[in-house]
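Each of the two complexes below includes subunit A, the first together with subunit B, the second together with subunit C.
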Partner chain A sequence: MPSHDVMPNMELYQPVQVEDALAIADRLAERAWLVGGGQDTYGWLKDRAKSVDAMIDLSAIESLRGIRETSDGIEIGALTTLTEVTESEVIQQQYSLLSMAASRVASPQIRNIGTLGGNASQDVRCWYYRRGLDCYRAGGNLCYADTPQGMNREHSLFETSRCVAASPSDTAPALVALDATMVIQSSSGVRTVAAEDYFVGPANDIENTTVLRPGDILTAVRIPNTWANASFYFEKVADRNVWDFALVNIAAAFKLSGDTIQESRIVAGSVQATPRRVSNVENAIRGQSRSAATADSVASMATDGARALAHNGFKIPLMENLVKRAIIG
Partner chain B sequence: MNSKLTRRRFIKGVIFSGAAATTGTGVYLVASAQAGQAAAERLITLNINGRDRPVDVLPSETLAHTLRYKLDLTGTKIGCNRGECGACTVLINGVPNYACSVLTHNVKGKSVVSIEGVKSMDGTLHSIQQAFVDVNAPQCGFCTPGQIMSAVALLNNNPRPSREETRQALSGNLCRCGAYEHYINGVMRASGQIA
Partner chain C sequence: MSTHIGVDFTPPDIAGKVTGEIKYAEDYKREGMVFARLLTSPLPAGRVVNIDASEALRMDGVVGVFTADDLPPVPPPGNPALASEYVTYVGQPILAVAAITEEIAESAIDKIRVDFERRDFVVDPIESLTPGGSNAYPEGNVLVRTREEGPEGAPIVGAEIKDIKWPQSAIDAIKTGKEPVGGEFTTEWAFGDVDAGFADAAAIIEEPFVTIGYPHHSLEARTGMAYWENGKCYFHGSSQSQSANNAGLARMLNIDLADLVFINEATGGGFGSKIGPYPFMAITGNFSKVLNRPVQLRITREQEFYIGSARSGMQGWIKIGVKENGKVSAVDLVIVNDGGATGGGSGNSSAQHVTVAYQPESMRYRGISVYTNTTPRGAQRGPGQNEMAAVLAPMTDKVARAIDMDRVAFRRTNVLDSDGFQGGSQGPVTSAFVREALDQGMRTFGWQDKIAQPKDMGNNKVRGVGVGIGYHGAGGRGYDGLLRIGTDGRLYIHSGVGNLGTYSYAGTCRAAAEALQVPWDKCDILHGRSDRHLPHSSGQGGSNTIFTHTRTNWVAAQDAITKLKEIAATDLGGSADDYEIGDERVFLSSNPSQGITYAQAAQRAIELGGKYSGQEYPDDINPLTQLAVQGIAGSGLVGVAKDNIPGQGQPPGVLVGFMEIEMDKDTGKYEILDYTAIADCGTVVHPTNFNNAMRGGAVWGVGLAGLERHVYDPQNGLPANTGLYQSKPPTNMDVPIDTQMGAVNIPDPQNPTGGRGIGEPTQGASAAALASAISDALDGHTFNTAPTTTDMIINHLAGNTYSTKSLKTNTF
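On to the complex of A and B.
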């Protein structure tokens, strides 16, 4: 396949008001691509793996940036950079799960421009899909990854349906664990969606990883104070500590009474096309002590229903061990 | 809405294309009506290394492309062109960014510093540059401009960084020679922590 050095030529819209961005997004629909930090966008476009007539650059819309304290938590503008999320005092103090997750994304330069909304909403990673092949997710009728020779070491263990690609976002599992709400605007108004329902797997929609549709803009993420100051655990395992996407990551929150777990959220990333909440483990450890013994007794439950592909079997013990380490703390 | 905001909204809202017209809202100069027609270069002024530089820029042009091929600032290297190596690192409003992964139209009104803008006006090398020379930090040298930009940004914010802080700050700059420890030594020397 040819390699391209330059961006394809297209039009660029740079609105400074969200209303204007919505009007353009509504008018151009599939012909335009919304750009936040652009760190995922430019690869798709430079590779000619996807093409559009125009980019709508949202980065000048100040109302989509910043972290605000609300009556019941915080609201983070979707365009807030990962560096800003990492360094935010209120997030570090009360919702450090999210700052830990944001600090592990890619590299410093990418975190300086990449946004929370973009990182959480990023498309799946799959060599074949991202090289522009006509796979299921790209509208075709085969999968190149789930084949005996296919390179699928990074792919999914769960909830595959024709497509086996995984979403490796570091912040998405943290948002699900914190019971975040995604705020979506379109020209017909504002709607909110629980983070858990925001992400969509291939069985329900094979061409989209979120509920966002043309004309929609993710404007903010709200984090309720439900989990403020809980005991948090985040760990990302990747081939290199910088740049590489997670092979598996884990975001967990525990409410403790003494060392007894009252309530918990355990969410794994990079094991399916959406963040995977490990509800059976959450239920099993309720009322148990936060200890190695508890962790050992439930770890294998974390991968109930996992189906390894030819080369990603290592993710099963990896995920179990990350769940264990999260519980032990 | 005050007039200042309206003016800013108008100026920043300009869209780049061959033919210009206005939308119903009157906010934008819009693209040509013919879909698929190639968008055209537009003359904008960028602040690069403290100087205002007028330059013709395509709508989807990256900053690395503009610096190298329009402004002849070839010190900024394009390694991977995908935000995966760091050779194109520049400072935008003092913050390290990959110039290959920023649209040039996105840095209007911001100050950009490339490797050419690091030394003093009289030609004296920046302390990081001199330290990198002194400790023989680079091997092949291709990643060096990017390493310098990340190191300069680090010292601007943290004049005496630890080795670990330096490792983190330079972690977005790949060096295929593996000269990482030498670059860290250079930062230690530039910050006066080793001779």
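On to the complex of A and C.
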């Protein structure tokens, strides 16, 4: 496997209207690659681990940028940078779970370029897959990581159907917790998909991590006011405090009545190929006081069904501890 | 009073680095230049059966392919620039292809078909020593030196590959943390009566340990550009060193020393991996000769991981005995080094660290360095010493606790002093004031107050307080100094020291200015190109430059002073001893008004010729210095000399570090609350640069102790973390904003300026202090690993086993 670092030759399209982008995407279909901030893209293409005939650069489409207040929440353009999301007043005031999550992505430099849509939709970071090996996810017929000798410290605990790669996104768990809706356009129209359904595990589609298909463009993310001003908790544990993917992250939202939890969303990242909603814990704490005692009583439920690989067993106590901390607040 | 030593100044290349105007090797272009790229091995072990480059050579813009057949053969255990037959690691260069653009060169790489035969491979040294285990090379698995090891970073010469297997009982023992009785070693030494030492001990601990190697990841991937004119090769290279490259590079290019112009004005990091000419420099220069046009060979970030060198890992066992009074009576140490594809480990240097830290009454060391099919290994900041410091610190704490002794007091009892020794040969040192450093550090850090504070910090967070020692030999002797006083009265100091980024190429020149009493604004440093007539100099590595080249510049200045006085005596009468210098004049001591200026003396030196202006020079200077003197002969008063300052012993660089952390028991993460570091490095020559070295080293120590490591998949020999972000060097958010720094600042008696080096120990001390603090936070638990990562801490707290418990290296 030769090592490369210059971009391969390909067609480059730089539309300035979303309609033009949709037309090009429709025409080129699998031959094209959509690029926003490029922080996921350029590694794939420069390394030649994936190759395409054409690139559709969306960065000049202004309508895909910005944060707009709507009648029932906010709409965030998919190309809005993570820095803009972090610094947005309305997000900080009402949906701070998302600004907290965005502020922990990668590094300031990457957040200045990387987009919300790209961060949420990025591909898994399994190093075998990224290296271009012919694993299941790459269309082959084996998994290099899910073996007794596999180097799988960052891999998944749950829902590992043939592939054990984990979702690397910090914003995706926050979007699921906020009941966000993903707005997807194609030449045939607009459709919306709940964030929880936007992300796809290997059991359903082993070659894709989202429902996006050739010709689709994620144009916006809508956050309903369902959870506006709720009590939020976000924590990311990574080896380094900046420029690192999560070992485990947790995004949680609580509606409280006094100390009593009326409703909650608790979503963990980096434990499976999609953000993992910890529904059994959400159910168990409904009506309970938000306290250490409640947290202690349910924390171990968070990892029910977890299957540790050779090197990622530490994620089990880590996830339990983060769920506990989220509940305590 | 010193006017230059211990006084800040601005090195001349600072402005260029701040503005971006300074040029690195990749920035140089030349008319007609072509771009070369490497094709590297996809296999950890195999044999190249056939190379078919015909399709690439037919591509428009491709100008040539260069293979091992175009270079002199390099038999094992050498590290060839291009694999000739066997490949021994993923990423090993096999050939280079050149084209008129980088894009064409990269596309051409994909058109070249290489057929391989696979061989069994190994990524774990212990597995290779196991009966029936694979060997990294067809000839065997262990590097055996038949001649004494050269200086740090020097190519391996006088060595062979042997096939060594241990009995299964020894393998089982070391895998379970026991002494591997019956194992064969290639390096063994001992002093004192070890058995008696253990018999005298009030407490004994036995610990297994593992440190994992990791890449240097120099920010400037080692690019080179070469072209030939009138039989001379002009070579723009990325190197830590300047003059230390010339002889080796000239050999690679098969030319005389006088026919090489090596240009290296600035370097984007080396950390030990670019001390001397590295193998693939041979491709750039020779490919350019074959093509008869300038060639730039740039490598990728990933290739810098492959061929940019790495720290050796080690798996080991140690037994330490200590008397009731706190004195270490005996040490028994076993180290199995992971030598990667080049085989060389740093076990002996690790053992040397133990001798400095403990000054044991008796010690035995047994070591073996095993080849693995992983990246080539070489010197990396404090090789051997710093990783040993990291794993030894918590063990040292354990020993101190075993005899109920304060951890700093224990170190104070045992550590090196001026009458002490270093290494298995128990060689002397020039001076050492580590106890003073410990005392100063304790006061600055507030050790007693910090250890008296409650451990529990609330919210499931605990306090950890640690102390560590970093050590490295810090200086050499016998190199040359060269300077010239011009007829304009300016002092031209010729520095053959490389510009690694430490600015010691400039700091060492201050010694000449000091001796000749010349204001700094009247000094010019000539460096960065060998056609600026640069003297023979040490490699810019091993923390040696401050000691080594303040001395060479000092002796060159003394030679110039002698000549100034002789010229004055010739012209003004009397003897040379009747004269002294000052205010850029040489004058009669008894009548200062009677004298001549330096400018006038330089003019007279030209007129007098001979030794005064460089037509004659001392017999004992290096051939490279001779060429340099010839190049400036007749242009002023030349001061040139070999450093023959009498003395003996190794100058030690020692740093003590104190660290306080807050550990989160839910996440295994810790925050460094305080770090204090005090150096014993003689006189601080350049205070700002001293502070920079202290900070930089401290950051990397955090990486060594907590973050960085090689990970190789034993199923296919592939490295998991070739990228910079995957290798996890510490970021600014992982280290304390402020570091309290200081120095004992007691001059070394064997350097006229008083200085010794300190670069490398700065990493070892912070790594050791952090490891000690982690252990302290966890009630003395010893992980015995470097790095000790987040997952290990979580697993320990959760009662899980952690993966390196069985002493595995190159793994999570």
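Keep this in mind: the second predicted complex is superposed on the first by the 328 of 329 C-alpha atoms of A that agree within 3 Å, B and C clash if a C-alpha of one lies under 4 Å from a C-alpha of the other, contacts with A are read in each partner's own complex, and residues count from 1 in each chain.
Just so we're on the same page, a contact is a pair of C-beta atoms (placed from the backbone, for glycine too) under 8 Å apart; a residue touches a chain by one contact, two chains touch by 3 or more.
Since this is a predicted model, take the numbers as computed values, not measurements.
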item: Which superposed partner A:Pro15 touches (first subunit B, second subunit C, both, neither); value: first
item: Which superposed partner A:Ala60 touches (first subunit B, second subunit C, both, neither); value: first
item: Touched partner set for A:Leu45, first subunit B, second subunit C, both or neither; value: first
item: First (subunit B), second (subunit C), both or neither touched by A:Val242; value: both
item: First, second, both or neither for A:Val6, with subunit B first and subunit C second; value: both
item: Which of subunit B and subunit C A:Gly140 touches, first, second, both or neither; value: neither
item: Shared subunit A surface residues [contacts with subunit B and with subunit C]; value: 5-6, 8-9, 107, 241-243
item: Subunit A residues touching subunit B - in the complex, by the definition given at the top; value: 5-17, 20, 23, 31, 35, 38-39, 42-43, 45-46, 53-55, 57, 59-60, 106-110, 112-113, 241-243
item: Residues of subunit A defined as touching subunit C within the complex; value: 1-6, 8-9, 47-48, 107, 127-128, 131, 144, 147, 149-151, 153, 235, 237, 239-244, 247, 310-314, 316-318, 321-322, 324-325
item: Residue ranges of subunit B in contact with subunit A within the complex; value: 8-9, 12-17, 25, 27-28, 31, 35-36, 38-39, 58-62, 65, 78, 81-84, 86, 89, 95-98, 100-103, 105-106, 150, 168-169, 171-172
item: Contact footprint of subunit A on subunit C as seen in their complex; value: 38-40, 42, 91, 102-103, 106-107, 109-110, 299-303, 306, 666-669, 707, 711-716, 718, 720-721, 725-726, 728, 730-734, 789-792, 794-795, 797-798, 800, 802-803, 811-812
